[in-house]
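Structure below; questions to follow.
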């Protein structure tokens, strides 16, 4: 009898230990995957925040630029920089033949002409003088410098020729290659050239979309929630609505994209590829999330508060507006932010309404075409160039940073403003 | 209170039936409540005493499926009549709940809320006065006068309940309904509330629902015993607790069922 | 008890225990009274001694009941019938204790009597004593059965005891007048007679308490109508 009891007890303890072990290993697995994921993104993405520059001596020869004596600002603006740009690259190897000169030119971004021009515009006194100018290295050399490029591939399988590598190595030895923080990643719009591509357009696109989404979804959802929770009679019709709101929250986002496409673009003729349409579409998606969050936090307001107000002779409206709604706001707001964070990460509906288009300008208003961060990730992940690989990870990092900030904000709101009752 | 030897009846309930959906919760309740007296309603859980209490300020209106039949006359005016304005009614009939439920606002806002929505003060000074007298009447003023602008939820349970009483009396109601006001309080806080009730009955008619028979015995002058939705017995408190007429009442107050 | 049992069993036990102690004390008193009368009429010193000794038992019962009552009030806060039960127990115990004391006093005086008593006097004393004994027994029955009518009967019967006491007193006075040497015994007998009458009064008190216990009302203010009023004003 006693022995049996002891055995039973042992068994129970063992079962408990086993169960604890399962739980711990589950958490361990989850953490492992998360760590791998984050490590992968950071290890491939961190280098995108660095940009490789070639420091090339440029001689601002007025003759080659077709400039006369004492040129005006406009003259400098309109001058021809191609020749001096080409020449300064060709000068890197004085023995180069024509093909090699071409290859030399391709060691920097196609943007190099403009970079030289900007240099002169900043300091017009440079005419006739020679200055070392920072030129953006081509995306491939950027990758070479960052050590991401497979040098041991046969020459015909890579985009960087042996000649270019040789010159580049010489430049590195001479200290003419430098790595600096990549400001242009944040200030440039998208580009076909990886070394120039930035997230400014998609970042602004995302912000505009979220703002539009917030301005539409929040008031509508909060009003709907207040009505349903505080005023609507409980009958079959409101039950039906409630069920359908929950269903709506489960509808795949791409369906909302189709809705946006079919209604907003086709019927209302709103401008395609714009954050306005994107925001409206996302707001449809966010609506049920916010309604559910708002209703939950309205429900969480203890009925005793409502009773107290009613018993004081407050009308239903006063009770709701003076007490219930303010008390539910922290919960509603944090639910809203989480809903917006979800919308922020949404890709499919935006692709359908055309926010996947290549946009190389930074949008100034919700009516301008723009991409969004997740779509940008999608676009870049599709691209073949090696330079985009790190951009994808970097963009994911930015997006994650954005989301984490928003969620943090939601948490802070919840903790700081949530009233403690009882 | 007796005037010329006649008991003044403040509230007269006549044949009140209450239904929750199809289920009848109160059967034929007829009860007279004397002015400036404390009337205690006792009975086992679910006997309908709280339901009856909530009929008196029409708090049952909040519940969709709840319907009330019969007459409840307050000052000879039937509050179940269509012409009765609920907001006006609740201004006259205050309520204090089981759990202290101050608004999560400052003490001052808690007390001034009622007078604000009923437009009882023309100026800040007037409002200050109302807040002060209400808190004084609720025997809370001395404890909180230096922190009127701190949240009411920071008070102890007993203080919160007195704050709720101050809030209820801020609109100078004629009747105060109390739904187990001490069930969440310790004995000292309970005693303070009971003392307060004794004080308040000079100006208000008080109806208190309580689970503690000892409390009913201590604070009330009249007691009604409810059982299964019926008013079994109603009479003076000392009669009910010394020698009730009804066997059920006796069994309940002596702890033989329930 | 006719009541349904309490939800709290230990409370029920305590009340039953109190009840039982009252009954035991009551029968001890009945016993003491019977023996004391027997001792004085038959001049039996042994029995008289016995009664004197047994009074200690009755005193102990009183102390015990008092303690139980205080405990009940402090710990159980009895209400309604239970409250009346408790309070009545306290009052009954003090009346019963007095009855015990008076019986003891009768026995003490029995031991001091010298002469043989005249038959008339003994008969007269016997009559009133038997009546008181009957009253006491009825009272205890009333208590056991929670019967208000029996209690009322006892209450009304007190008048008769007073009458019988007066007759007995007259006998004693006659006995005193008869002979000067009867003075000592006669004085004792006066006290004995008075004691018996006092026992009757205490019994009536107990009956009143039982009436209050059962009805929750006091007997004096609200006399039952149907029965013939024998007692007027005097208690």
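Labels A, B and C are assigned to the chains in the order they are written; within every chain, residues are numbered from 1.
Just so we're on the same page, contacts are C-beta pairs under 8 Å (C-beta built on N, C-alpha and C of every residue); 3 or more make two chains touch, one makes a residue touch a chain.
Remember, it's a predicted structure, so these values are computed and weren't measured experimentally.
The central chain of the assembly on a C-alpha centroid basis is B. Looking at contacts between chains, the pair that accounts for the most C-beta pairs is A-B.
With centres taken as mean Cα positions, chain C sits 102 Å from chain A. For this pair, chain B with chain C, the centres built from the Cα atoms lie 50 Å apart. Annotation: 59 Å between the Cα-based centres of chain A and chain B.
Looking at the complex, you find that chain C touches chain B at residues 3-8, 11, 77-84, 215-217. Here chain B touches chain A in the complex through residues 57, 59, 62, 64, 87-91, 94-95, 97, 99, 101-104, 113-114, 117-118, 153, 164, 167-168, 171, going by the rule given at the top.
Contact residues on chain B toward chain C in their complex (touch as defined above): 213-214, 217, 241-244, 249-251, 253-258.
Per the touch definition, chain A reaches chain B in the complex via residues 233-234, 302, 304-315, 318, 322-323, 327, 419-422.
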